[in-house]
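Which chain is which? They are A, B, C and D, in the order written, and residues in each are numbered from 1.
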Amino acid sequence: MFQFDTLSLVFTSLIVLGVVPNLFYSQGYLSHLKRKGHYLLHYTTFIASMLGVVISANALMFLLFWELMSLTSWQLILTEAKEKRTVDAARFYFLMTHFGFVFLLLFFLIATDGDLEIGFAAMHGIVAKFAYPTLLFFFLVLGFLSKAGAVPLHVWLPYAHPEAPSPVSALMSGVMLKVAIYGMFRFLFDVLYPWPMEWGVLILVIGSLSSLIGVLYALSEHDIKALLANHSIENIGIILMGFGMGMIFESMGLKILSSFAFIAALFHTFNHMSFKSLLFMGAGSVLYQTHTKNIEKYGGLIKAMPVTAMTFLLASVSISALPPTNGFLSEWMIFQSMLGSSHLDNTSLKLAIPFAVFALAMTGGLAIACFVKAYGITFLGLHRSTNAKHAHEVNAWMRTGMLLMAAVIISLMLFTPFYIGWFDKALSSLGHLSVYGRIFPDGIWQMHSVAMHGGVVSPLVLLGALVSVTALLMFAYRALRVKERIHRTWSCGYRTSTRTQYSATGFAGPIRRFFGWLYKPDEHLTKQHIEGYSSKFSDSHYEVHVKPLFETTLYDSVGRAVNWVSYWVYRLAHFEQTRYAAMIFNLMLGVLFSYRIFAHEFSWATLVLEGTVMIISIKILIIGEEQ
Amino acid sequence: MLILLVLPALVMFAVSFSHHRKAKFLLPISSVAILLPIVKLFWLPKPYAIWGNYLVADRLDTYVLLISSLVGIGVTLALLTLDKHVKVSPKAYRRFYRFFAIFWVGLIISILANHMGIYWIGLELATLSTVYMIKTNHTPAAHKEAWNYMIVGAIAISLVLFGIILMYASAKPILGEEAMRFDLLLSHAKEIPSPFLFEMGFAIATVGMFVKMGFFPMNLWLANIERASFYPVAALFSGILESAVIIGFFRFSKIAEQINYAHLYGFVFVYTLLTIFIVAFLIFRAKDFMRLFSLSGVEHMALIALFWVSGGTFAALLHFGAHAFLKPALFLSTGVLESRGKYRIAGALRGYKGKKGELFWVLVSLFLLAIISLPPSPMFFSELYGFAAMVEMAKQSDHMLAMIAAILFLLVLLSVIFYRFVTLYQSMKYEGKEEEKRVYGSELAALVLFALCLLVLLLPSSFAYLRSIV
Amino acid sequence: MGVDFFIGLFLATLIVALFTSRLYRLIFWYSMNSLVLGILALMIGKALDDKAMLVTGIATLVIKAVGIPYMLKHFSEKFHFVRQIQPQISAHYAIILIPAILVFTFYLSEPITHMIEGNANYIAISISSLFLSLLLMMEHRHVAPKIIGFLSMENALFLLGITATGGMPMLVELGIFFDLLMAIVVMNLLFHKEEVSS
Amino acid sequence: MIAYLVTITILLLIAPILLFFIKVLKMRMLYKKPVSLLQGYRNVAKLMQKETLISEEASGMTRVAPFLVLSPLLVTLFFLPPVVQGAFYVSFVDAFTITGLIALSTFFLMLLGLDSASAFGGMGSSREAFISALVEPAMILTVFSVSMMAGDLGVGQAGVNLASHFPKAHMASFLFAAISFFILLIAENGRIPVDNPETHLELTMVHEAMVLDITGVYLAIIETAASVKFVIFASLFASLFLPFGMQYAPPVAFVLFLVKLFMIAAAVALIEVNTAKLRLFKVPNLLGIAIVFAFLSLITFYVLGA
């Protein structure tokens, strides 16, 4: 029924770490909600079902909790369904998650020989006998990655996560996606074990694409929660990169490197949980105060809400993978494992991996830009709306939640060796080499890459050095006793105002313009010209929206196709109103024909003949000659 | 025993002629009383010969009968306040019960029958009596649909009989007059001298039954009938009459399985896949409750048939039970949902005041989500096991990939239906404007009854029982 | 020998019924059809000296050949049926279709011939008469001819029952008749309502 | 150890000089009367005496950010490769860390720009974000290929390895890496053609725009940070891509190292004089070149092994 091996425990603790601060936060957030009972019921069930997924030991339990998780999260999105957008988002989310479930279901049904109560180890035996493991792999990938939100199954995230109440967005983005990652670990390790190299490459490619696309669309967002959701796509991509590298190394027989890469992936999973939850909480508090998700309506909030601002800053630094934060460490590990690719004896792969490195690096750079935008426009500068002007710090519960989550981030930063040792245990329990000794050969101070002459980093020393130097400088500044004077910002003689400062749209401008070929943005520029001068205008309004490429191409076309089919089916179905006798006649004809052919003796000639007969009789009897 | 079984029905029939005002209360009581002998029967050792070897109660048919009688009770409860929602004269009311009684007799006979002929007679009786129930609604549409049903139903039923005769003919050389008995046919199926004749008969009979259940190509006629008639009638159709049909399919297919499994499986698989394809896209466009529900009923019936022939008998029976409770519940609730005018989906689940209202909308939304087999609805498990059986089948068969692809396609079609229902639910709950709607105790009682039955169905012990049936 | 002749007659009456465009004529051909059926039942019943079948034959003669046609005629006078019933499927199509159906059914029942001792052609003919009565139903728009189509389908069933199986169990036969009567009653009621509602 | 500390202090000291060396060189080439080399020190001294003027829209960020801009760079200064044989060097830091530290300081610089709600600051940090986002991958890839050639990812170790046995086998990829790194040096330090440190014309400003509202000591700190950054890049270039002369006696080697630094500065100056500043949307092309070269060096290293 249930199992508590190390992997399960690792993910259980991930969920607990993510949930406990969230409980405080949502306690504070509750006053904001109308349907409290509905919310609490589904909130608790949601958490319980996530726990259930990671500890369930057979397919039946797994699927049950998995579906329960989807169900409750869907209901949670609908907690405050006021405008149509929310309802549509919820529907889209539920459809996507069900889409994934279909593939998971098939996977399990094939892998369990129909007896859903058997354990995962037994499933491994069955799969080993199955003729097409790659089919199973595809089912698995489609099933879990549609939940994890990897390209091209990522489109629902930026819709669904923003519409949920903020604590729930924090849970969904921070924790629920990780449950899908758990699924990848669990079933690729326990069930589908020996992997051909191509699988790893596929995962790596998906990861690279997700990370790039996620961050690019994040940059073009004005809705802060949608921005964060896009970053979830990016980070899932990064995790998958680590995962893919691990699979590649594994399939090439480089056990040590593969464990290292998997540990990196796990570590990043934890990190993403921590900072993404914190970011969503911060966004939630801002939303709570300003009643808008539009980033253009914020500004200057650092003065009003210091705690939120500080925690958000910490999270931003961490998600931008800047040293000495935990985000940096996990990305460092993933980089290192990629540099380990010089060990591979497959030149094409060797040449491919630099592209992954490039993608990851590019992602890092863009993430920095994006979070400078998110943080700067939200918290710095001058308020951009009256709501922002009158905002003040959120209540104690929510503050506690954010501080606790910040504490989780810091703990991940400080106790890296402990966590890594733990992940190492998890992997070795799944039958991989233990590499803790190689990562920390001499004490916890230095963290080595296991690759041949790989890099070294020492998070604690780094942290110490940075803090001490900064402190020193500040102390020196204090010692100088510099006289300070407050004066308004100089801007060429004009007064700085809400309107004159840079907007988020403007900030992302250069990047948006550079990647215009990808965004294909639709821009609206309206100007009030002063008596016909093209250059002079009293006021002008510019806004730009970016609809994801995948949505416009993949999803919309599928929708159109379904509509078309249903239209024709509907047309045809209505013949029965008038021609039922004829329909039954032809039906009988068809059935008896086919029994005669397939059940008695088969020959193509008769098949063709009878096909034509059928068609003629259908034409004559059902369709008839049109008047 | 037979007397006991049909006694309440006969009482109902008799009472329905009296104009006494007490009759109005006696009728429901008598229809509730139908449950008692059936429960009695349920505890008797199986197989239990009720009337020679014409009517023999085994585990399967007592299960079906029990479920049908429970549904019947629910329908009766809803009938109590039918006049609150629609205009119905006491005369029509009584006549409804009169034919309800006949319906019951036919149903009991056909479900318990161990004899193809008897089975058919019962079925025909039930069908003809329902024709009149449609007419209790005094509208031209209802009248037209009643005729429609009369004729299509007659065709379907005669096809069934035709098939039965062929099968009988195929088995007569070895079994003589006894060739009509299901159990003997099942045990001697291998020795039938002319399997092709039997298969032909099976094909014709199955087509008849499938048409009766609204499979391809006759997907909409049931929907139209249920639209035109009162909603309790729709509930009867989906909850009881179809169970009488499907049990026949169960029995015939068991025999055909002995004759030639490959043919049977191919035939049913293709047919149901086709059905579900059409139905899925019809549901995708459906814009009113009745049509939506009856189409989804067709879908579920197709699934049940498919599960049954794929060897997932447990799944099929569980699914059957769940559907038999869920669908009537939904049909009965449409009376309230549409109380502010038909075709008003947006906001149908809003505007319920008070405890009753609360309970009502919660139950209805639960049913709606259960019908698309979200956990913990029984349908979730039944579909799980049913598809498991199908995948098993696929893995044994020699064109595995094709069959897995077909199953995938089936699942995709189901998710189209899923999408439609989610949309529907959301727009019922979160769109449209709030309008006060009244809920009456009796309907609520019916819904609660169905909910309880579903819960009972979920118990491990009942799982075990279902596993033990076949 | 005689059996084959009457079976041919049965088919013939049915086919003729397909081309009629008057209601009474249709009813007449239906009763002829039933008559032939009854005679067949009696003949085969005598040959096999099967009491049940003799009873069935008599019942057929009484109910189907006389009773039901009379009832229908009665209804049609009572409820003013449309008596002009022009087949919707034009004759030249029908001329192609009917032989096609016969060919098909014989082709269909070909494998059975060497499976059963009885004459497989009987089965073929009864299947084809099933199809023909379906054709009859689909070529008329009005209710009355549809009912006749349904009834002649019943006849096809009986033909099958009599010829292919050499008599079904008594019980079943009676049950079928009972249902037939039931059907008539229901129709009656339906017609009544039509009168009321219209 | 002494050598280590001495190196750091001297690097710190010559940082302003190096920048003004470029300026002087440029002025000479443009036939202007050059400023003194020590102008940097003068500026700092002047700024130290001034009061700090803080914008009223600005938040605490303005008070903290300057230090956070400088400190990562100072820390980085400790991690540079050794310049003389057998000198102590920090073994536990690799190129990623250094890249990260530099990014960290840029991050806070950009926030600083956004803090004082002026249009210039926003503009500056927006452009900076754009450029550094494109610099990041090139940097990482270059580092990747260099570490391949040096046979170690640790910066210090890499410097030593390269100095001890120069990768003659991989001359081609080494050259490509050098080119791309030099472009990065220009881009990261905001020199022409990417950015023009002299100008105060809002169309062309990047770095200057961000610090437009910074005064007094804070400005001094930022200026220092800029110069330190240049020194870091220059010395990285010197010890990774001009890895010779380390085997001589310490003083000689050290002088040689300084000469290298000044040569790099001179090269920068030459480029600045001879090219015009690129439009912002032309900058990616330049960085694209850097990225392409980085890729080339990797690929040549892998495939041709050259």
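Going forward, contacts are C-beta pairs under 8 Å (C-beta built on N, C-alpha and C of every residue); 3 or more make two chains touch, one makes a residue touch a chain.
It should be emphasised that the depicted structure is a prediction, and the values quoted were computed from it without experimental measurement.
Novice: If I average the Cα coordinates per chain and compare with the overall Cα mean, which chain comes out closest?
Specialist: So the chain sitting closest to the middle is A.
Novice: When the contacting C-beta pairs are counted for A-B and for B-C, which pair yields the higher total?
Specialist: A-B
Novice: By CA centroid distance, what chain is farthest from chain D?
Specialist: Greatest centre separation from chain D goes to chain C.
Novice: For chain A versus chain B, what separation do you get between their C-alpha means, in angstrom?
Specialist: Measuring from centre to centre gives 43 Å for this pair.
Novice: Per the centroid of Cα atoms for each chain, what is the distance between chain B and chain D, given in Å?
Specialist: 78
Novice: Please compute the C-alpha centroid of chain B, do the same for chain C, then give the distance between them in whole Å.
Specialist: That pair's centroid distance is 31 Å.
Novice: On a C-alpha centroid basis, what's the spacing between chain A and chain D, in Å?
Specialist: 35
Novice: Multi-chain contacts in chain B: which residues touch at least two other chains?
Specialist: 151, 155, 196, 200
Novice: Among the residues of chain C, which ones contact at least 2 other chains?
Specialist: 108, 111, 127, 134, 137, 146, in rising order.
Novice: So which bits of chain A are touching at least two other chains?
Specialist: Touching at least two other chains: 581, 584, 588, 592, 600.
Novice: Which of the chains are touching one another, listed as pairs?
Specialist: Between chains, contact exists in these pairs: A-B, A-C, A-D, B-C.
Novice: Where on chain D does chain A make contact in their complex?
Specialist: 48, 51-61, 64, 67-68, 70-72, 74-75, 78, 91-97, 100-101, 103-104, 106-107, 110-111, 113-123, 125-127, 129-130, 132-137, 139-141, 144, 147-148, 151-154, 157, 212-213, 216-217, 221, 280-281, 284, 291, 295, 298-299, 302-303
Novice: For the complex, which residues does chain A have touching chain B?
Specialist: Checking each residue of chain A against chain B gives 60, 63-64, 67-68, 71, 78, 81, 84, 86-87, 90-91, 94-95, 98-99, 102, 105-106, 109-110, 112-116, 130-132, 135, 562, 565-567, 569-570, 573-577, 580-581, 583-584, 587-588, 591-592, 594-595, 598-600.
Novice: Given the complex with chain A, which residues does chain C contribute to the contact?
Specialist: It comes out as residues 89, 93, 97, 100, 104, 107-108, 111, 127, 131, 134-135, 137-138, 146, 149.
Novice: Mind pulling up the chain A residues that touch chain C in the complex?
Specialist: These residues of chain A touch chain C: 579, 581-582, 584-585, 588-589, 592-593, 596, 600-601, 613, 617, 620-621.
Novice: Going by the contact rule set out above, which residues of chain C touch chain B in the complex?
Specialist: The contact residues of chain C facing chain B are 108, 111-112, 115-118, 123, 127, 130, 134, 137, 143, 146-147, 150, 153-154, 156-157, 160-161, 164-166, 168-169, 171-172, 175-176, 178-179, 182-183, 186-187, 189-190, 193-194, 197.
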